[in-house]
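The two complexes that follow have subunit A in common; it is paired with subunit B in the first and with subunit C in the second.
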Partner chain A sequence: MEQKNNALLIYTLLYFAFLYVPVLFLPLFSFNDGNYMSFPLTGFTTEHYEEMWSKSNLHNALWASIKVGVVASIVSTTIALFAAKAFARYKFRGQNISYGAIMMPFLIPEIILAVSLLIIWLALGFKLGLVPVTLGHILFCTPFAMLILIARIEGFDFSLEEASRDLGENAWGTFFRVSLPLYLPGIIASLLLSFIISFDEFVLAFFLTGSDATLPMYMWAQMRFVQKLPHVLALGAVIIVFTTLIVLLAFWLRNLGQGKKKAEFGINIHE
Partner chain B sequence: MNNSFIQIHEISKHFGSVRAVDNVSFQIHEGEFFSLLGPSGCGKTTLLRLLAGFEFPTNGKLLLDGIDITSLPPDKRPTNMVFQNYAIFPHINVEKNIQFGLRKLGLSKEEIEKRVKDVLSLVKLEGYEERFSSQLSGGQRQRVALARALVRQPKVLLLDEPLGALDKKLRDEMQLELRSLQKEIGITFVFVTHDQQEAISMSDRVAVMSEGKIQQLSAPNELYKNPQNIFVSDFIGETNFLKASTKAQDGEHINVSIENLGEFKIKNNLNISENSFDVVCSIRPEAMKIDTVKSDWDICLEGKIRQTSYLGEMTKFYVETKELEKIITVSSQHFDNQSFKNNDCFISISLEDISLLNKK
Partner chain C sequence: MLNPLKSIYAKSEPARAYSLLSPALILVTLVMLIPLTLMLSFSFFTQTSFTEIDYSFTVQRYIDFFQKNLLVSLLIKSIKISFLVTLITLLTAYPVCYYIAFYVKKNKMLWLVLLTLPFWTSYLLRVFSWKIILGTKGVINSSLINVGLLNEPLTFLMYSETAVIITLTHAWAAFALLPLYVSLDKIDFSLIEAGRDLGLSRFEVFWKITLPLSLPGIIGAILIIFIPTVGDYVTPALLGGTDGRMLSNMIQGYFGKINNIPLGAASATIMLFTVAIVTMAVSYSTKKLSQRMS
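Right after this comes the complex of A and B.
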């Protein structure tokens, strides 16, 4: 019994090491005062971080990524909210097929999605730039947002909405006074995760940005020059920290009140 | 009082091919405690939801106090509902829950405060204003749901099995309390339940439903004493059914042949046709007498007790007889399972206690 537990522990540790050790090299080398990512470390410095702050191209790319991420997360969460509500609340014909259709971008290889969008966008005679990137990201983020919101809305006691109607509120009043506050943790979680997905996304951006680089594009461009590598490492370390915090926040929000909810909301059966 | 306060006129509600409510017409009086009673799936909840405006009828018309409400949405109807699971808003406290429905009524701040205070005292929840749903017991949630509906002073209060989730002791208490509350405020209550004891003990009138239709609508004692058909007789209380067939009508009575017992003259209250095999006789367990000795009643049968169940205030006996095909149930407050030697007994029946019913 003891033996078995040890084996399991070692396996678990190896698994986590495999997941996180490579990622941890980034922050490690970002404080090293050499230009190469190799051991032994030569000395501690924060100059890569200072350098990072002085690059105006980087600022432009960061700003582009934030703009795309904010718009993509808001639009995809809104679309996903309506769809998730319909899936959770009603039974309708073609439910499974439309669910599958919405989840499809999940499964289509991203590069195929990117190439098709590029072809269509150019065929329509539009210019490449942040607009098609944003549209691509909306498409790509919506399934993630759906998964999060369906998890939140499923098991939601819809008699609460009926109670609100019964107490004199119209459909809009009910949405803002009852549904929205109760869905809110799920909505925020969806916004945060969609933002992160968009913020990290490379393939769609690579095909569709044209000259306005997003942050992953900028990083990729910098990688070609050895002397520019260290400040990309610094940037990468900062992004890892922020992404981790946001993902943790999103998961915490998604689960907020979920345990309490199960005990509290009864099952509602209509004849 | 207005006897056609709520008019349900040829109402049908179909879900696909299912006729949840099937061409139902009746009226509910102003200020009465009215119950819709039936097994699950009988259409009672659908009917209540039609009254609330959560469903709209496939056919028919609904009038409330003379006004056609058939196609009004729930927020435009002068009705309020107490939900089966109470549906207390979990993100706001008790006070805000109760105030929820007052916003659109255009009341002054003082009036709102007064109404909330009054209704909290009516349901005995003073001091619970700041609590959240998760901090309340089942009984307290139910009171919040009641208060939240009553504070709007609806013309009709709709209750969807509100006592179903409570334990028995609390349920009995709430039955009495709901009843006296209804008397006190005088609002029309429409109460949905599958529990016949609940419906009978609380209501002025009860509509027994099955398969989307009203089987019988009458006062509780009428339901019990004069069931109109076999469904009502079986659903309300407990009864024994005896095989029977009718012969010739004789004044108010009709000649009935009952299993192997012979031919008897039984009152024909339901105008059942002559020479019919589609009839049964029903007799309540407490209407029969069980004894250790023979009696001179209209029918007296010798029997063997196969099983007994002691219920405290009475004992139920399950008795086998030579004449009757099925084991019959008899209850007695006088005897218990110690009273009979070798389980031998005599069962006596008076013809007045036999009711004749159509099978369909």
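Right after this comes the complex of A and C.
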């Protein structure tokens, strides 16, 4: 360990300010009663929040995002749980290629995934809407979910499962009574984080929603009109608070019972 | 043995592994590989009218792409912006990760949570917040005018390449921070101490020990920033104006208003190849570099 270095500490704190301050302008201006987001602030108001809540389009978009997010997070976490188990438990030929294939959505710009899904969806003659968006989100969330779950399952004592089988429990019984309770914190963390990824996702939704707007699409449409910006700020502030709480909960769950072993948060592709 | 197949299955690890993997592999095939293949084939077709496509094979779309100065210049600009964002992010984020890895003793977890938290807030909102900061009536201009340093707002802040670079640097920072931190944190500090004991200067220790050992993190960070930024659509659309437009915005146009799906598919394919080439070049040079160092 190094001794003190105040210059580096100050730099680090400034960098944290760079990360956080821009985002905090959203909640700040959402309580300002002017129409422009400029200084000086003119006065405190909550009317932007009232205005926000009065929009029925917003309710529809929120509902659409929740539906897509719930389905995408459950499906991707389930698929990722099986895959994570395979990688954590077995050594097999083709392991690296399979891992690379599942991780590939990370290595392709999202616009390309979106455009290719758009082409196939239209070529098949299907209607754009929440279904292709959900499929895209499942593809995109699965590698995230798998990384979270591998971190949880690695170091898991598989002899517990074997003991359960030897004691006469069948495969499903073993899964539900032994494995699942032990994986549960990781599974919930994965569900929450996948939900947030899907909830905030914009590019796939932009190309694939058609007329069923998700919440980010709704915000995008409102951002073009200056007079509508204040209520977008209010909505943005609510989303930031909500996302932060969920992510903190997921982080806490992820590290539950992990001790100091896993100090790595989020993602790390080159492991 | 009533069921020989079942017992072979139970004994074969690969068979069990692949049955666990099959949902994920089917997903990747159906939702990614097949659509990408179809996109590639569409790049060899021709849009004949607003709704009709001629499905006979031609490489004309690729010729079109390279004959259109606009598209080539947008591709170059996308690569340039992405390269600058990657470089700036690496240079600014490295010291932060270094500090957390080597100087922070208590509550490292808390620092890490704080570092990654902004990444999880909506990407669209992070980009939008820069519109508030850089806009003509935004935070910077209105503050400077208020203090009396400016009479007219600075117009170059918004709708420019600079705006796109600043915004992307902020939006993707957390991505760079993680791989960098993980690789620095893995370094055995006694190696650095040994270097110092042997009389190397601080700079030599950094250049010969710390930097090479953190190379995997640097590579991870480069790829993880370059790939999404080169294809970024949101930032140039919100903050780029005409000066900061990137290739993605044209691709969107081909699938939207301009309605030339084959040319859009060809542009997307060219972008995909660019990413593939950069990925391979970066991994290849790392391999060479780490061979030379060890």
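Just so we're on the same page, the second predicted complex is superposed on the first by the 255 of 271 C-alpha atoms of A that agree within 3 Å, B and C clash if a C-alpha of one lies under 4 Å from a C-alpha of the other, contacts with A are read in each partner's own complex, and residues count from 1 in each chain.
We adopt the following convention: contacts are C-beta pairs under 8 Å (C-beta built on N, C-alpha and C of every residue); 3 or more make two chains touch, one makes a residue touch a chain.
Note that the structure is a prediction, hence the values are computed from the model and not measured.
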Touching partner for A:104 - first (subunit B), second (subunit C), both, neither: second
Partner chain(s) touched by A:182 [first = subunit B, second = subunit C, both, neither]: first
Partner chain in contact with A:83 - subunit B first, subunit C second, else both or neither: second
Which superposed partner A:167 touches (first subunit B, second subunit C, both, neither): first
First (subunit B), second (subunit C), both or neither touched by A:213: neither
First, second, both or neither for A:234, with subunit B first and subunit C second: neither
Touched partner set for A:68, first subunit B, second subunit C, both or neither: neither
Which partner, subunit B or subunit C, touches more subunit A residues: C
First, second, both or neither for A:149, with subunit B first and subunit C second: neither
Shared subunit A surface residues [contacts with subunit B and with subunit C]: 263-271
Contacting residues of subunit A [partner subunit C, same complex]: 1-2, 4-5, 8-9, 11-12, 15-16, 18-20, 22-23, 25-26, 29, 36-40, 78-80, 82-83, 85-86, 89-95, 98, 101-102, 104-113, 115-120, 123, 135-136, 138-139, 142, 146, 193, 196, 199-200, 202-203, 206-207, 216, 219-220, 223, 232, 236, 239-240, 243-244, 247-248, 251, 255, 263-271
Subunit A partner contacts - residues on subunit B that touch it in the complex: 20, 40-46, 49, 52-54, 73-75, 79-81, 83-87, 89-91, 100-101, 103-105, 133-134, 148-149, 152, 165
Contacting residues of subunit C [partner subunit A, same complex]: 13-14, 16-18, 20-25, 27-28, 31-32, 34-36, 38-39, 42, 92-93, 95-96, 98-100, 102-103, 105, 108-109, 112-126, 128-133, 135, 137-139, 141-143, 146, 170, 173-175, 178-179, 182, 185, 189, 216-217, 219-220, 223-224, 227-228, 230-234, 238, 248, 251-252, 255, 261, 264-265, 268, 271-272, 275, 279
Interfacial residue positions of subunit A with respect to subunit B in the complex: 157, 159-160, 162-170, 173, 177-178, 181-182, 257, 260-261, 263-271
